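So, here come the structures, one by one.
Look for chain A in each of the two complexes below; its partner is chain B in the first and chain C in the second.
Take a look at the complex of A and B:
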């Protein structure tokens, strides 16, 4: 009987433990839950609270990751940089910093940070090279040779990256001058050259129609109407030449836009080649 | 006797201890609630989430989820609010709590302008005999749903039923009465160019429309009469037809713009002058 009573008291005591919501352990547990629930802003607050009790590299790293996840790359870099070289997370934090710099489009800084990492002979050098090489696709610096560019990527990645390399070195642009000249020779042809078919046909028909009207009116001695149609035709003709040049510019801008989007989609899909963390497993 | 007293002591210890554990959860809930009352919604959500995280027996499953949902709703984060109202619905312990969660889901859907969804929710509540005594409340929100889905006539009817809300019914009726018929504005301009503009009170535009159409109509017909067929086709096609079609579209656009102004004014009155419950 005494044993049973003792057992009850012990169990009850365990049950009754008043939850201390603000004990460091509980703050950390809750912060981890928020982090894994992708409630990053609250997770940062809780982790920062925890840091006032115990300064841990893992927590600093998670704060940086949370900032990176919500797109606050400056604070992410600041926190990644707070890790000491002796930390086991130091090297991966350098890679995460590269990711943040990539997102901030600070490509020259990205390059120099990647070089520092290479000099350390880091385990993550290959990842750094991949990120740097992909950054060449998005800036205006001269591209390395195809061999050097493709070197860090594995077989599967190479096919896609090679295509990016080709698109960057031989962009499928349309010449603005050529578009203008084409439209000057045959109205609308420049627009058809820039794959703007409906506008091309409309330009051709309208310029043709007004020219015809001007011609017939001159022939039939209606000079006022003839000049009106001539002016309208000339306007359409000039507009069609200008429009073809603009159409080539729009076409080229779309090529650039799609290309940048494709590169970002690829690197996002590959999660910046960074191995998955086991924080939320 | 000794056995009985030991039993009593054990039960008392158990009760006191479990009561203590619950007290800390209770304190946490009250803390979250006080933050909510102070309109510190971000913190209220954090503390409610903390409560949910440590409340392993889900004693506060309904209350905490409800508080989070209400905080998100107050911060106009309707998608997140809906998620937590559904969770509070799942954790509800009685019909009253279930009803409150579902009504809040419907109200959030109204604010989110997913009015079809809220109509479905409210109609399912209306069809549930358990909530027969809450019919008035359900219909009240159904009326709001109609207003937000631009069905002012239906809203007016529902608010007028059993004197549900006479002030809301009056607002809805005024919108119905003041609104212009967009189709009438458009098609009357097909018959007499400029008529739709006159109907919507845009007299100058109506006169200009009428003038252009008369002039270009005359030029077109005159060309045909004088056997200038090509001139007639060009004037008719490129000028008269363009002005004629433009006139009907213009009349329709005016009616739509005026209706939008009327609706916006009504919504402004609802926001600032109406003191009853709002979604």
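Take a look at the complex of A and C:
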């Protein structure tokens, strides 16, 4: 029995795994696995460990991509910038940098970087133009003419982008003044104008109810009650005019919010027009 | 075996993108009887609000569908603006409070039973308006 036990222990030691998991090749394999599994934070750690053995542009590019994927755009830009001009991935990294700048809403820098790409006569100039033109939709600078704006987009994209252009140049805002005036004429009408239908009807009923109560109490010689109802009615009337103006402001803020979301969804769906490259095939 | 189990990795879930998390700062006090006077509005309002909270709200219970509650909204709006504008904001809030229809389409949720309707939306300062989509859940940051 003792001999058998001794043999098992000895053979276990002999057959034990002798793979060096910390060799550069294995670190890279593991990092690639994590990257393809979209476990980006851990992948970055492993890739950085690999860089201490071998400095490769592809690895730097992957680190930058991983940072970009987890939303750390500052580190993504830093890593995209670390690629050498001689690298095959240099030009595509410039486009990825534009994507990060777009996400950071640093539009002036985005413009200057895109101009640099155009001067280089890069293969990706058209993509840069598309990203720059879409950035006009999100900043407060004046829009270029429709022709210039639509120029870089292909036929399929044009219809959607043209719609964005119209929404930006003619936003579907509600006038705050008009909302206030409408509510001053008929209580609640301003809220109906800003598409808060049930609030508008409630305001109309409340103001009407308190006005009616004040009127009947004055008629029936109950001045104290009548004045209380008058004050309440006047409060609801004035509050409703005020609320209609606020409601128009909120409506307009929602229009902006939805518009920005739509633009981001579109560009996300188009994957920032960046040609597909897949490190995980 | 126990040692290995205790030390082993438990974080097997991949870190991925999560849905946007709308966080709000704790906006108003919750029914503290506050007697401090800083402005003219405090002189007029605080006795009224304290009396309302003591004699009505505490007895009646937590029935306001909104967060901040209407009394807290009144106090906060007067503190943020002035007694005149704050009162108008309160009347507007009160009429919205009376409306029981389509609330889910207009307001985000705060907790299980309240709609989030902050003062910032109604001060007429456009820069303060932060849109939170209706029917999303907001969380407090502390």
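Annotations
Everything below uses one rule, namely that the second predicted complex is superposed on the first by the 263 of 281 C-alpha atoms of A that agree within 3 Å, B and C clash if a C-alpha of one lies under 4 Å from a C-alpha of the other, contacts with A are read in each partner's own complex, and residues count from 1 in each chain.
We take it that contacts are C-beta pairs under 8 Å (C-beta built on N, C-alpha and C of every residue); 3 or more make two chains touch, one makes a residue touch a chain.
Not measured: the values here are computed from a predicted model.
Once the two complexes are overlaid on the shared chain, A:122 sits clear of chain B and of chain C alike. Legend: residue contacts after superposition of the two complexes on their common chain; A:26 is shown touching chain B, with no touch to chain C. Shared-chain residue A:213: touches chain B; no touch with chain C. Within the superposed three-chain model, A:230 lies out of touch with both chain B and chain C [touch as defined at top]. Legend: residue contacts after superposition of the two complexes on their common chain; A:73 is shown touching neither chain B nor chain C.
Shared-chain residue A:238: touches chain C; no touch with chain B. Of the two partner chains placed by superposition, chain B and chain C are both touched by A:39.
Of the two partner chains placed around the shared chain by superposition, chain B is the only one that A:18 touches, whereas chain C remains out of contact. Within chain A, the residues touching chain B in one complex and chain C in the other are 39.
Interface of chain C with chain A (complex): residues 14-16, 85, 87-92, 94-96, 98-99, 101-102, 106, 121-122, 124, 126, 129, 131, 133. Contact residues of chain A toward chain B in the complex are 1, 5, 8-9, 12-13, 15-21, 26, 29-30, 33-34, 39, 42, 45-46, 213, 216.
Residues of chain A that touch chain C in their complex: 37-41, 70, 196-199, 201-203, 206, 235-236, 238-240, 242-243, 245-246, 249-250, 253-254, 256-257. Those residues of chain B lying in contact with chain A across their complex are 3, 6, 9-10, 13-14, 16-18, 20-21, 23-25, 28, 45-46, 49-50, 53-54, 230, 234.
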